Amino acid sequence: MNALKVALYILVYPGFLFQSGFSTFLEWLDRKVYARMQNRRGPMYTGWAGILQPIADIVKLLSKEDIVPAAADQRAFAFMPILSLAAVFTAGLYLPVWHLRSFNSFEGDLIVVLYLLTIPSFALFLAGWFSVSPYSLLGATRVLTQLFAYEVPFFMAVLTPAVLAGSWQISKIAIFPWTVAGHWWVIPIELIAFVVAILALQAKLERVPFDIPEAETEVVGGPLTEYSGKKLAIFRLQKDILMYVGAALVACVFLGGFGALPQGGDQASIGVLGLVFGGYLGGVAGLLLGVVGLLLKTTLVVFLLSTLRAACARIRIDQIVRFSWRYLAPWSVAQFLIVLLLKAKGAV
Amino acid sequence: MFKKLIKWARTKSPWVLHFNSGACNACDIEILAALMPHYDLERFGVQLKATPRHADVLLCSGPVTKQIAPRLKRIYEQMPEPKAVVAVGACACSGGAFRGCYNVLEGVDQIIPVAAYIPGCPIKPEALIDGVAKLLGKA
Amino acid sequence: MPETIHLPMGPQHPFLKEPAKFDFDIQGEEIVGARMQMGYNHRGIEKLCEDRNYYQCLFILERICGICSHSHTTAFVQATEKLLGLEVPKRGLYLRTLVCELERLHSHLLWLGVAAHEVGFDTLFMLVWRDREIVMEILEEISGNRVNYAINTIGGVRRDLTEEQRKKILAMLEPLLARTEYYAGIGTNEPSFVGRIRGVGRMSKERAIEKCAVGPFGRASGVDMDIRRDDPYGAYPDLEFKVITSDECDIYGRVLVRVFEIVESCKLVRQILENLPEGEIAVKKVMRRVPAGAAISRYEAPRGEDVHWVRGNGTEKPERVKVRAPTMANLEAATESVVGALVADIPIAIASIDPCFSCTDRTTVALNDRRRGRRLTTWAELRQHGIDWYRKNKGISF
Amino acid sequence: MVARDYETDLKVLFPGSEVKRSEPRYFWVGIERDALLDAVRTLRDKLGIHHLTTIVGEDMRDHFLLSYIMSGEIVVVLQVKVDRDKPEVPTLANLIAGAVVYERELHDLFGIVPVGHPDLRRQVLPEDWPAGVYPLRKDAVLPKPTVEGEGGEPNA
């Protein structure tokens, strides 16, 4: 792998440009779906059907004055947005959106991605903590409380398919349902874990009904209350990319992700589409189909998240802790047991 | 080119902060009504923000009572540049029906610079949309 | 023992669109103390009224509050009519009551939306406000205005309703009734919404009576009080309606009371329109000088009992106008009900009384004076200027 | 409508006072300042009129007139004259908790002191309002309005 190729990987695809572009598209989609659910139209006049709206927002924020409160810790205040963006961005590089394997994939990259996806929450907590305003502090403590609520169910839910596939590598988990013919039905088996993962992801993204740390009517802007200008822009971009990475991760581990490429002919299937075309397509066409398949699955996950956001009221911090330990965690344990049982019987 | 891009972004994404400086609620509700499905200001990229740090446009209604005036100034100072203030309703423009009251400072422009005035008691949502559009057209 | 943090909320805070300041002492997420400070909306109405004649007062009182503007003018004209001994024609009373009920409708819908927003349920917020526009359209059809209807005058109302308008409004009511019933279902059944409001912000019946709570806030605590029934005015003696009460004593109860009042109001509007009597809409001749004496007028505003006290002194101007808005009666009680709840409950608990600070803080002082070297035109001067202008340009003498 | 003969009851309960009736359900009772607490207690306990609608303060030029509007099945207006020189009334806060806000308002706007009131902070007036100026008194000399901390320049 030469240096130019690596640079291309990091900067263009599946790196920075692709991640930013696709995640702003997802934000637009999210806003549109949300607006349509509320009988509104959402952004309309920024580009085609307002598709450039998130980009306009970010460009505008980048061009604005950047205020740092006098009481805040200057360095930490500036460092947190960059840290969280770097973390999600790196996590995105491990996703197999490029090829059957991402260019830097290795056995155990699932753990790394999960770990990297936790960093934004900590960064957000510290960002709120260092900006020293009552709302930021309150928001920051809520970020952390919420983290303890959703993180364990999320891990457990994501580990279920890993155990099923017998691997800690995202790409192997992703191709597992397609590698052995007739095994696509492991997807419905993981339904409970999928639901738990979606809910936990929503909590990770801090969106309704789990937008407790940023509850506008309670703590104003939460940890981001004091942020403005460029730093806010970075946080927004980070949130978008987090949504993309999270949704793509769920799409990979639960929905078969990229699917298997026609490698030598017998492992021929690419996601759901692959079941139909996989046997006949190879090379570039198969690759494109795989990419489209994965992106469609990611979009589907985001669509689910948007619907969930539109259909619920915000719950309280004590309610989310109770909810995730009383329901989400036992559900994921139950799912885990089902999978173990199936494995023990040799069914999969 | 770069300037053009920034200008485009600014006109396409005005985030507003609503501040009530002693208004009678009528204008405030109409501002909210403008964000609702019937008028849907989000079509133009307008979003209502909670904190002055995130906002570009301050929609200010009410004749500015004495007690709120320092607060209004502080909110304005907390907003990052570039920023604009829109006086919403007759009260915010000039004091309106409460002109001459002792506790009232007669208009937002007594405290902070105002970029656009939207008259009406109360304003209609259409007037608000028109006012914001004109403000952005000038920017 | 966790540290106590002082959390100020307001005067600019997204949970209230109006300026008012609440100071909370919190330990972790729990609230251990609450205080309230008003006055940010203190403009100048009671004193201002002493400087205006009765018709000008009407104009000012309409602007006490943008949501219940009709309540204040109705209460005021009722008191003035009592002083003058006027008998308002039936049709006038019916039209006045029609606007009253429409106002209650739009106010409660507004409140339901805001309550949903406070707990982050923006979809319900948006949908409710969409259908609130129907009510706004009806009001615009009747009065020509969306918010300040300016329909009341001393001795009746200012605009009549044509037969076509009557039919049009009746037709618009049908979808509204269906939708409000649907929202009543959502507001009382949607699990995440109900989970947020049940058992929160409790106010027992005894405490509510002691605190003199009024309106839906009181009714949700089982205080069976409704001025429309207890002290009927307008067309209410002729109309049939239920007074909604609830024994839930929490925010859930307040939602219940309000959503069923919405449905009830819809029915009342239909009843009024179907039984609209023929005849005059206002008394033709009204004396401009109001005899000496005091009159009280009570009115069931959307938020509760609204009271106006008017004292005439035989001149064109009132001696004293006193306004007691419903929020004033409920605010202390609501602040109290927050203690013991979580920070997340503050917005919905305060909003559950449907607070309206512009009503509450109305009293200020009128003063016509120089300020920063600029000459303000006093009302008397403006009036004199107008008289002179007409005399000079139009040859009209007053 | 009114089943009970409240007029007779009121005359019995307030023997020394003048009881007027306007409209079927409005009764006006003039009482002495010192009898106020007893009167409110009587109304609450004997007639079940426990809702204090509001307290209206008026400047009648030679004295202040306070009207306590109590409502239940009927409305009873207790009218109390207060001296201009000694503007004090006993507080109702211990009988009816809801009276607190109205008494604070009276204190703000008329300078009438409810003796024994638990919490007499400013209610509606700004914090920097000069002491001793009561806006709703007829003879009040009101301070000139000022802008606190000169603001930015008005835009052209």
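Read from first to last, the chains carry the letters A, B, C and D; within each, the first residue is number 1.
In this section, a residue touches a chain if its C-beta (ideal position, glycine included) is under 8 Å from a C-beta of that chain, and two chains touch if they have at least 3 such contacts.
Since the model is a prediction, treat every value here as computed from it, not as a measurement.
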{"item": "Chain located farthest away, centre of chain D as origin (C-alpha)", "value": "A"}
{"item": "Between A-C and C-D, the pair joined by more C-beta contacts", "value": "C-D"}
{"item": "Rounded Å distance, chain C centre to chain D centre (Cα mean)", "value": "22"}
{"item": "Euclidean distance of C-alpha centroids - chain B vs chain D, Å", "value": "39"}
{"item": "Centroid distance [mean C-alpha coordinates] between chain C and chain A, Å", "value": "46"}
{"item": "Whole-Å gap between the CA centroids of chain A and chain D", "value": "62"}
{"item": "Residues of chain C whose C-beta touches two or more other chains", "value": "14, 39, 42, 126-127, 130, 364-365, 367, 369"}
{"item": "Chain A residues counted as touching two or more neighbouring chains", "value": "38-40, 216-217, 220"}
{"item": "Residue numbers of chain D (touch at least two other chains)", "value": "126, 135, 142, 145, 147"}
{"item": "Parts of chain C lying in touch with chain A, wherever the complex brings them together", "value": "5-8, 13-15, 26, 28-29, 116-124, 126-127, 130, 190, 192-193, 195-196, 342-347"}
{"item": "Contact set on chain C toward chain D in their complex", "value": "37-39, 42, 46-47, 82, 207, 209-214, 225, 230-231, 294, 296, 298, 305, 307, 309, 311, 319-320, 322, 324, 328-329, 331-333, 361, 363-365, 367, 369-372"}
{"item": "Complex contact set, residues of chain A against chain C", "value": "37-40, 134, 137-138, 141, 208-209, 211-212, 215-220, 310-319"}
{"item": "Residue ranges of chain B in contact with chain A within the complex", "value": "5-6, 8-10, 12-13, 15, 36-37, 40, 42-45, 49-51, 53-54, 56, 78, 80-82"}
{"item": "Footprint of chain B on chain A - complex, ascending", "value": "31, 35, 38-46, 50, 52-53, 55-57, 59-60, 63-67, 216-217, 220-221, 224-229, 232"}
